[in-house]
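In the two assemblies presented below, chain A is common to both, partnered first by chain B and then by chain C.
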Partner chain A sequence: MMRHLFLFEWLHIRKSGAFWGIVGVLPLMIGFSLFLGSQRIAHQEETMAQLRASEREFYEAKRQELKAIEQDGSSVDMWWQNPANPLVLGQFGQAGKHVFLEPKPLSALAAGQLDILPFYGRVTLTGTEPLRDNALENPFMQVSGSFDFAFVLVWLIPLFVIVMGYNVISSEREGGTFALLTSQPVSMKRILAGKLLFRYLLVLGIILVSMTAWALLFGIDLLNRDGGLLLIVVSAYIAFWFLLCALVNMAKTGSAVNAVILAGLWVFFLLLLPSIITLTSSTVHPVPSRALWITEQRAIQQEVESEGEELFDLWIVDHPKEFVEGDTPQFYNIWLRRFVWAETVQERKQEAERLFEEPRMRQTALAARLRPLSPPMTVQTWLERKAGTDADRLRSLDEEMHAFQQKWQDFFLPRFRMLEFFASDELKEIPSPGH
Partner chain B sequence: MVISSIARNEVQRLIRDKVVTALGLLIILLIASSIATGVIYFRELEAQHQQAEQLARAQWENQGEKNPHSAAHYGTFAFQPVTVVSVFEPGVNRYTGVSLFLEGHRQNFAAHSLAEDKDTSRRFAELTPAFIFTYLFPLFIILAGYRSVTGERESGMYRFLKSQGIGRFQVIAGKTIGLWVVVLLIFLPFLLIGLALLLFTTPSGTDVWRFVLMATIWLLYFGVVANITIGVSALVNSSGTSMVLLLSLWILSSLLVPRLATNIASTLHPVPNTSEFLQAVQNDLMHGIDGHNPFSEHSLAFQDSVLAAHGVDDIADLPFNFRGLMLQEGEEFEKRIFDYHLGKIDAIHQRQNHFFSLSSLFSPTIAARLSSMSVAGTDMVAFRHFTASAEEFRIALMRELNMDLKMNAVGERAAGYTVDGSFFAQTISFTYERPEKVLLARSQLIPISLTMLWFLLSAIFLGFAARIQEEV
Partner chain C sequence: MIEAIQLSKVFNGTTAVSNLDVNIRTGEIYCLLGANGAGKTTTINLFLNLVQPSNGSARISGMDVTKYPIETKQKLTYIPENLSLYPGLSGIENLQFFCGLSGLKLTSDDAALFLEQSGLQASAVHDRVSTYSKGMRQKVGIALAIARKSDVLLLDEPTSGLDPAASNDFAGLLTEMKERGAAVLMASHDLFRAKETATRIGIMNKGILVEELFAGDVTHSDLEKIYLNHMRD
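Right after this comes the complex of A and B.
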């Protein structure tokens, strides 16, 4: 029976301009979105490769210099030129290492918040500065957002589904073939189910075939666990919209009314509900502007500066065996203090940061609780998360940088404090993030 | 006479239509609540930025005794102005940085946009009047008007009207006026709430103008949608076709073309990343005076020229502090370099925006949105006006500091020169003066004229649909 239904559906659809329109347009959109996605990843990987190469070069050069000095026993005039000095290796100039949030398997599919939040930063002994590579982007471009696969899937594909499904039964009624259908020994529900199932498989097929083809062309690897999950999510999301079509078709309304109702549902799920959800979360838990936070940071800086010597004396008392007494070089005396102050500033900043983080986290949590009400939002969030471009992951950069800074400091600071310089073969042990 | 009764009839039909009424009321409700929450947020933001401004100034004034050039490195901040009009049209405000660090030797980028801290679902949809007008209102017009003519045809009413001697033109004109009246009925509450809000918050005349112009832009945009809706309804055979066609146009205009255009614009005119930019600046800075390095080639040349001009051999014999002069000279040089490189970035942005403006030939939505941002003063042009004023202040402040060093750090006071804390309270302070003119750049006229062009084209299209010969 199904075979017959599918065959007739195909003969029917073959004649429809809308269907051929979809066949023409949808693969192009998917292709363009994946093209932009693959470019984004390529750009990211290029940045990472360049920075890693320059890091390697820097430390290799230092090692060679040091080796040369060790071999001919020469000395260096200025302390900041000495490649054995922990400050030179861990703090100044190009010293330090970059911490990256690596692209994930599905990164090409969703740009997420990558245009707003940085994905890497440089760590030195005192600094964990996220690098805003995109600081020069045109804010106007950020307003409208990226044309990524997530956009095509979440926003546009439902519209194609609606075009394919809004008049499955109503058109039969309007074309006068409805009576003919009801005279068949098959229930109306089965016919509706069969027709929609066929169209569902057709749409899904177009999407999957074009995704696979473009992914192969642009070198995007979808043959992994996340790719499998993606298949399930895409199928389920499209099924959701076909289900809505089925429900609307069961009512005995005309095609135009069906189109209105389905378009209304689209507007409801994609525009209305999300805007109400975000309005609710941001009104219940407003996040203050960073303007105050900036002045707060400066206040902390001033506070620590004014407490200067006092803080250092306290540190001396707490760490009696961790520094060198007596006649020490000037740079040592200055930087020994600076590290104590930097640590204090960082601690106090974290405290102040919490005042801003908490409302933001409450806002995010509330939005996350309301989000399941809108399947499109759920799918969008899922895709961003799998792409690793969601705000939570990008914000985790701070933590990762702090964690790595800890390792960095553990490696260099004890040596600096005891004024123990490095030997060239020790430079191989300089820590790297994520290894 | 006939036209007005058709129009009256159309209004009545729409008001009796439960779906249309319900959606109309929903839109009014959404507008009202978006304004209400927007105002609360605006108030908070305004208070925060004022407080931050005062704190920053206090921190500057209380930095204590120090060398003026240390103060230049210490720097101060300017904060993005908050305007009440942004409640209606936030424009790019959420995506531009809220603070600008003003220090010696360099121009910084505005940092910390509101979008960075917001929950990400905000990008999905943000309930502001501009959002409602861009997306929801046109849908409402389409819904109210898609079967204005096809419906009459399908019910047989059209034949009846024709037999009464009523022309196609009269039917369509009446329908159009009717739809217009309904649109105005729903827009009116927004106008009233908006004007009331403006009158209660700021007395600035410019803001009222901005609001009025913004409302005009939106009305023009609704006019475009209404004209196309009635025109399509008059030209096609069935309500279903009319609906599908109009919805497709809406999707193209408000969803597809804007995203495509921005992504193509940024692919065609890519912006260099920050590190490349800073590297380029650094390279150019090497070719000039470094205020901190008196031994660089350029600094020495400058020193020689100053010494020669004053007929002395040693900078100690100069009647002023040479370092102060050199810092100022360096500052001006650095400013030229930064201006040049930031100007290049600006030119790229403008090319992107220009491309985007022109893409409104395919999308009246883009034309309207860009125009509304322009007249609201929340577009990039307005933001650049702010950063330019802050930069003007920065350079003036630096001059003040350097001149103090130049004139007063002389003779015995030269070594270890400092100013006492009270000095900083007397330095110039920054308050951003918003421009009194509504439009600042010629480029802003492009989207506005394109909006008008769209209105004109849609009217011509409607006229064409009304005049076409037909068989009934």
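Right after this comes the complex of A and C.
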């Protein structure tokens, strides 16, 4: 029976202009979104390759310079030009290393929060510096938004599904064939199921074939576990919208009313419900304003500057064997203090940040609990998570940078504090982030 | 074959069909005559199980239609007043589709043959149904009954709006169906066609079967008088 319904549904659909419109437009949209995604990934990879190459060149140049000095026994007059100096290697100019969040297999599919949160940052002895080379440098991107596969799937494909499914039964009523259909020895539910199932498989087929073809063309690897999960998620999401079409078709309403109801459901699930979830979570767990946090950060900076020598004296008392006493160079005296102050600023900021981060995390957790109410939000979040462009992962960059900074400081600061310079062979042991 | 036992239907306090008792045997055409609102279409809808009876039962081949909706529909073909088919499909494709819903797979040649048997011109069977006249569409309905070898035909005003020649053709087809052993229940306003085609005639008024007679026992004139008398009541 299903085969029979499929066959005749195909006879109907192939004569429908709307269907051929979808066949023409949907693959192009998917292709365009994957093209933009592949370009984004290529840009990220290029940025990472350039910065890593630049780091390698910098440290290799310093090693060669130092080796030459060691071989001819010469000395360097200016301390900031001495490639053996921990400050030169860990803090100044090009010194320091970049921490990256590597693209994941499905990264090309969802830009996620990349337009507002950075995917890499620079680590030096005094701090971490998240870097942006995306939307903030190209404001037009924020105006246009990200035309990524997640946008096509979550926002646009439901509209195509509605076009394919809004009048499956109402058109039978309006065309007059309903009377004859109801007299057939098969239930209307079965006919509805057969018609919608065929349309579902058709839409799914168009999407999957388009995705596979464009992904192959743009070098996006979907033949992995996440690609398999993506297939399930796409199938389930489209099934959800076809299910809504089925429910609406079961009511004895006309095609125009069905279209309005389904458009209303689209607005509800994609616009209203996410807004309600956001409103609820931000009302239950309000987060202090960002402006307050920035003001707080500045206050900490000023506080530390005003406590200046007092803080340094305390550090001296606490770390009696971790510095050189007596007649030391001026740069040493200045930077010994600066590192103490930088460390204090960082500690105090972390403490203050917790006051802002904890409510934010509670708010995020509540939103996550409510999210299953909205299948579009669930799919969007899943895609961003698999793409590694969700807010949680991008925020984890801070943690990764701080963790690496700890390693960086552990490598350079003890040597600096004891005024011990490096030998050229030791430069090979300069730590790198565990990409 | 087609049987109504104390069949009643009440819509929101209004009686559409009241205690109808009818038994239509194989090879018989039973014509229900009555004015608009007399309960003819409701009676057909009760046999199609499109509305649930308030009382009594409607049976097709001995099976209660409410208990065996699929099985009873397997045995019948329904032709409404205005048989609408899929306009984008040909006569053959429409016939194949509706036969397929009852599990009957037809080749294009078989479908064309059945359509021709129902009186459709061979040159029209491949044309889109959107080009068909109402009479041609009714013939597709008859072809459906022939192809499915339906035991029962339920016809709701099938000749309404047909020109005399098409109406006469349709009556001829019904007679053929009767001779093939089908039991036919036809609702109509058309006294002349009822007298010419039917074996028995039932007159309904306000949901009640007020008179039942054999078509052969009355003249056209008698039938008209009897009918009008009941309508004045």
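Some observations on this one:
Following the convention adopted for this analysis, the second predicted complex is superposed on the first by the 417 of 435 C-alpha atoms of A that agree within 3 Å, B and C clash if a C-alpha of one lies under 4 Å from a C-alpha of the other, contacts with A are read in each partner's own complex, and residues count from 1 in each chain.
Simple rule for what comes next: a residue touches a chain if its C-beta (ideal position, glycine included) is under 8 Å from a C-beta of that chain, and two chains touch if they have at least 3 such contacts.
Small disclaimer: the values here were computed from a predicted structure and weren't measured.
After overlaying the two complexes on the shared chain, residue contacts for A:Ser146 are found with chain B alone; chain C is out of touch. When both complexes are overlaid on chain A, the residue A:Val260 reaches chain B alone and has no touch with chain C. Within the superposed three-chain model, A:Val186 lies in touch with chain C and out of touch with chain B [touch as defined at top]. Of the two partner chains placed by superposition, A:Gly205 touches none, neither chain B nor chain C. Applying the stated contact rule after C-alpha superposition, one finds that A:Gly308 touches neither chain B nor chain C. By the touch criterion defined above, A:Pro329 reaches neither chain B nor chain C. Between chain B and chain C, B contacts the larger number of chain A residues. Legend: residue contacts after superposition of the two complexes on their common chain; A:Val287 is shown touching chain B, with no touch to chain C. Judged by the document's definition of touching, no chain A residue lies at the interface with chain B and also at the interface with chain C.
The part of chain C that touches chain A in the complex is made up of residues 48, 50, 69-71, 73-74, 76-78, 80, 82-89, 93, 96-98, 100-103, 105, 141, 154.
Against chain B, the residues of chain A that register as touching in their complex are 18, 32, 36, 39, 47, 112-113, 116-117, 131-147, 151, 155-156, 159, 163, 167, 254-256, 259-260, 263, 267, 270-272, 274-279, 281-283, 286-295, 298-299, 302, 356, 360, 363-364, 367, 371, 377, 380-381, 384, 390-391. Residues 1, 4, 8, 11-12, 15, 175-177, 179-187, 191 of chain A are the ones that touch chain C when the two sit in their complex.
Residues 19, 33-34, 37, 40-41, 44-45, 48-49, 51-53, 55-56, 59, 63, 77, 79-80, 91-92, 94-96, 98-99, 109, 111-127, 131, 135-136, 139, 143, 146-147, 238-240, 242-244, 247, 251, 255-256, 258-263, 265-267, 271-275, 277, 345, 348-349, 352-353, 356, 379-380, 383 of chain B are the ones that touch chain A when the two sit in their complex.
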